Amino acid sequence: MIEPIARLRRMVLIRTVEAQLMARRDHGFQLYSTGEEAVAVGLCAALSPTDQLLSSGRAIGPALARGLDPAAVIAELLGKASGVNRGKAGRGHLAQPEAGFLGAHTVVAGNLTLAAGAALACQRAGEGAIVAVIFGDGACGAGALHETMNIAALWRLPLLLVCDNNGLSVSTPVARSMAASPLATLAAPFGMASATIDGMDVERVHTAAAGLIAGIRAGGGPAFLECRSERLTPHSSATRDTRAAPDLAAARARCPIARAAARLAGEGALDAAAFAALEQAVSAEVARGFALADAAPYPDPAEALSDVG
Amino acid sequence: MSAEAAAGTARIFFREAIARALAEEMARDPRLLVLGQDVGAFGGSYKEFTGLHARFGDDRVRDMPVAEAGMVGVGVGAAALGHRTLVSITYMDFLMLALDPLVNYAAKARFKTGGRLRVPIVVKTTAGAKGQGVAHSQCIEAWMMGVPGLTVLAPSTPADAYGLLKAALRHDGPVVFIDHKRLFPKSGEVPLADHVLPIGAACVVRAGTDVTVTSHGYMVHIALEAAERLQAEAGISAEVIDLRSLAPLDTGTIAASVARTGAIVTLEEGQLTCGVGSEICFRLGEIMGRMPRAARVGPLAAPVSSNPVLEGECLPDAARLVAAVRKLLE
Amino acid sequence: MSAEAAAGTARIFFREAIARALAEEMARDPRLLVLGQDVGAFGGSYKEFTGLHARFGDDRVRDMPVAEAGMVGVGVGAAALGHRTLVSITYMDFLMLALDPLVNYAAKARFKTGGRLRVPIVVKTTAGAKGQGVAHSQCIEAWMMGVPGLTVLAPSTPADAYGLLKAALRHDGPVVFIDHKRLFPKSGEVPLADHVLPIGAACVVRAGTDVTVTSHGYMVHIALEAAERLQAEAGISAEVIDLRSLAPLDTGTIAASVARTGAIVTLEEGQLTCGVGSEICFRLGEIMGRMPRAARVGPLAAPVSSNPVLEGECLPDAARLVAAVRKLLE
Amino acid sequence: MIEPIARLRRMVLIRTVEAQLMARRDHGFQLYSTGEEAVAVGLCAALSPTDQLLSSGRAIGPALARGLDPAAVIAELLGKASGVNRGKAGRGHLAQPEAGFLGAHTVVAGNLTLAAGAALACQRAGEGAIVAVIFGDGACGAGALHETMNIAALWRLPLLLVCDNNGLSVSTPVARSMAASPLATLAAPFGMASATIDGMDVERVHTAAAGLIAGIRAGGGPAFLECRSERLTPHSSATRDTRAAPDLAAARARCPIARAAARLAGEGALDAAAFAALEQAVSAEVARGFALADAAPYPDPAEALSDVG
């Protein structure tokens, strides 16, 4: 499978897992990546297996983009013992460091300084690995970003800061939470390389991330990539949306999956039938994941006291 | 029940009691500000700010960036210049990001300036677990209780939320006002008239003769549930005290109750170690000259997972309280 | 005294014990990092890092910006990828700026990942008052004791500082290691050989028969001074226990002592409310089946001014402890 | 007295109070402003009486520059009940809000968000007052600066951020604590007016502050003024200095007092004799302050429990 098709498939996988989750109620609630698939998938396409990724609580996209087993992710989100983290992490805390996913952390901006620390570990290990961390536009208001950029720049840490700017922090538009625009300008005082790009174009994200990562691996120090995206669902499945219908419709029209599929179709690389087949295959795979998760047990209550110390 | 309550009440939700108290106090004090994430048109995570933005506008009800230290610091600075402020910290876990302006400055400003400054700030925050996992479920009120200069309030009913929030908004020092995710959808009778509760007064919410149970916030409802079960299952008559104010702590009311019942069981959702329960028991021993029979009930000594099975196992419930009371009275 | 100590000791300062433990562990574990403000060539505010920078260089002993949250967050992130880190937070008051990465992440990482992650970080911080005023004098170890997943250590002697810091640097979870401004210039015998103390073991530092006094950190010296005065002035024989480990707490050693003496007085420099003392007393009651005679001694419930008169008035001293013991035993 | 002479006198006052403190041991220790007088004095010359000033723990200069009674300041530093804050604040916490000195706060960067809040109060009061806050280069590494700049810029708060960049945070040179240079560039992403100036020239500080304050009062929102200064003593009187003798000598050669005096002499406004008389008058005033403080009692021990609640 050519790489753009693999990336499209990954995006479809994220969308499908989320769609099947949206159809059920037995997982409490979720923060969906629907609409923002291209950011995670484009970024992960530029990472090496030994690199580490951290994400915010909006983690389904990043986890699946990083290649975690969908069945284990689904089980985790459903709270089953077969989940990536035995069902203890649940939404917002998924992690599989051996797979290069140091993990999600659902304290906004709370993952930034951790990512710098992970990058320090990578730098000292000297094996060329880098760290990427995905955070939102809302997280840019937190002082942790400043401390992270400064420390990472001082020490030239191999760190890619990826701002998934979906324009909203719950109900608050970015223009009302951030005085800086574009957000990538925040990196300028620290002398960091940066870019602001269309985060709905997976190929653009991939290229931009790959470019910045090359600089990072070459010892150029940290970089900042702002991806302009759209969240196509409410903040969480338990939150009311605050956007007007036309705004939401305009956002939906930017769907990164439709766009990637259209491009591949235009290039003659994937016709409608092939795309439909891809969607079906993914759908079946996801359904199998849900079936496995449904069949799996919840963790034993005794696990409430395991792995505390 | 107070005199006002007798004069007329209306049944409203806990979240509405918060909004009503705030609206009334904002009308009374044109300087009073509300700061927080999504407190504006959105109306707050639990709709507890509904209507305030429409009525008081952008200037007085301000959405803020996700910057808890900044939020509290700004609130404290405004309050130090006489602009009373309520800052909303969505979950109490995030209060950890904002302890420096609250504890290192606000709680000490009056003392350190020899009385030249007051900081009338209310930090309102939501404690407790309801399926949101390890970093959105914590209760750290015990930390706040030990900070000289801080007042700590935690209502369990709409009426008390209303009366205590008004008290907080008229207090001239820093207050931490703690509600709970599971309280917002609860309803109750709230006085129609202006009604300010005293700070530092606990309340006997169920009379009993065999054991005193103390609690605060959402856990008061668990205590009441357990009390009914104790009566029905074992003929044990439990007196339930809603602490309402954690700092200052109304040890008089508790001691008077324990003097009658001879035993105390404390219930809290926060960690037991260095928690509210052992503090109460120790002070009782000091007041009463000897320690009463005592037990404390709380969560397991572990993080609270969002996993329904593990969260259920971790949190204290009526069954655990019933068992603790029966064991103590055996 | 341990076997190693018998094999040979040298008299060194507390601050030297810290530096020696760190130097030895850094030599053992080439990944071990030290991060903090002015920990490099400057050698730390209390010279407790002297020599490390010269020996291990910029790469492993790193001066950091004044950004406590960033410091701890970076340390936690490095530790999560297996690079054990010691982060120095100059004064414990500033730990309030860094609780989010420590409490919301590090203390929960192992649990929440179902065991996939460990965070071997040591946050070393200096507690207590010595003329530095309201925001540089606080002791918040009681807060840390209630955080599941955190180990909390507080030595009182150079030997224990050495043995406990080594234990902390070999532990596979997050540790808060607390020293005290007034301890650094104290000297004591420290084993010449490698010497790792167990975590979770208190120590009877003075045997006695009439009352048990527990304390930790610098206050142990006050307890010992009071014990001498009690003996001399009133013929009271106090057994003094140095807790050393606050989490886990060695209730076995305390209970065994109180079983002999029949009474306990706790001493701490942090606030009493929801503090170490009431926790110890409550657990004793649970273990022993009834609460022993108990009193707690600590500072006044007020900020600690840098003013010599007011600081002296606020802090607990031997006279206050002597009085509390005599009153309890009356 | 013409204004430049008044400013020179204020600088001499700060230097003299500190010199007399340095001669004694009964105050524990101090963080001295010696060398940095021009920053505080130049700034305060541009403030109106109803404005508010906040400072870091290095507060003797700012407090005296703002016009607090030297005798009350001295008494406070000596822990006497006649001090500005009854001897309870001591070094690092001095405050007299009625005099426009909201006060010192000795948690590094801890005064920044407070200052933004104070500026919000001034903005809402609508009486044209502004807030200025002095902090060090070390404080620029803290996330609080980022949160403060963002909020202040979003809300166009009347706030002047004055970075007294003496090049050191205890032993750490600014180049090793900050990746940004000049520090004023930190303000750029937030669209704030800013300037980096010679902080050893009191007239330059005054002019620059006055210019930025005019913009702030006109509703232009917050501004950032970086003053390059020199600390001529160790970090505190309890701290060892880490600088080499030639570096310290070079710093001393930049003395803001000598410079202001020389300029006035050059302009014919103040000859050597007049300057000596000024120094003598100040010295006598300060000595009186010390005498008053020495005669004053310590606070009653019972005050350890007053004004807590």
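All chains are identified by letter, namely A, B, C and D, in their written order; residue positions are counted from 1 within each chain.
The rule is short, and it goes like this: contacts are C-beta pairs under 8 Å (C-beta built on N, C-alpha and C of every residue); 3 or more make two chains touch, one makes a residue touch a chain.
Just so it is clear, the model here is predicted, and its values are computed rather than measured.
**Student:** Keeping to the contact definition above, tell me which chains border both chain A and chain B.
**Tutor:** Touching chain A as well as chain B, we find C, D.
**Student:** Applying the document's contact definition, name the chain pair with more C-beta pairs in contact, C-D or B-D.
**Tutor:** By the number of C-beta pairs in contact, the winner is B-D.
**Student:** Once you find the CA centre of chain B and the CA centre of chain C, what distance in Å lies between them?
**Tutor:** 31
**Student:** Report the inter-centroid distance (CA atoms only) between chain A and chain D in whole Å.
**Tutor:** The computed centroid separation for chain A versus chain D comes out at 46 Å.
**Student:** When the centre of a chain is set as the mean of its C-alpha atoms, what distance in Å lies between chain C and chain D?
**Tutor:** Measuring from centre to centre gives 36 Å for this pair.
**Student:** Distance-wise, how many Å sit between the C-alpha centres of chain B and chain D, to the nearest whole number?
**Tutor:** 41
**Student:** Where in chain C do residues touch two or more of the other chains?
**Tutor:** 64-65, 67, 69-70, 93-94, 100, 104-105, 111-112, 133-135, 148-149, 301-303, 305
**Student:** Residues of chain A that touch two or more other chains: which are they?
**Tutor:** 87-89, 93, 105, 107, 110, 141-144, 147, 150, 154, 176-178, 308
**Student:** Indicate which of the five shapes (line, ring, star, complete, other) describes how the chains touch one another.
**Tutor:** Complete.
**Student:** Which positions of chain D touch chain B when the two form their complex?
**Tutor:** Per the touch definition, chain D meets chain B at residues 52, 83-89, 93, 95-98, 102-103, 105, 107, 110, 112-122, 124-125, 143-144, 147-148, 150-151, 154-155, 306-309.
**Student:** In their complex, what parts of chain C are in touch with chain A?
**Tutor:** For chain C paired with chain A, touching residues are 31, 33, 59, 62, 64-65, 67, 69-70, 72-83, 85, 100-101, 104-105, 110-117, 148-149, 151, 173.
**Student:** Going by the contact rule set out above, which residues of chain A touch chain D in the complex?
**Tutor:** 141-147, 149-150, 153-154, 176-180, 185-186, 188-191
**Student:** Which residues of chain B touch chain C in their complex?
**Tutor:** 69, 93-94, 96-97, 99-100, 103-105, 107-108, 111-112, 133-135, 140, 142-143, 145-149, 247, 270-279, 281-282, 285-286, 290-291, 294-296, 301-303, 305
**Student:** Please name which positions on chain D make contact with chain C in the complex.
**Tutor:** 28-29, 79, 87-93, 105-110, 138-143, 169-172, 176-178, 242, 298-299, 301-305, 308
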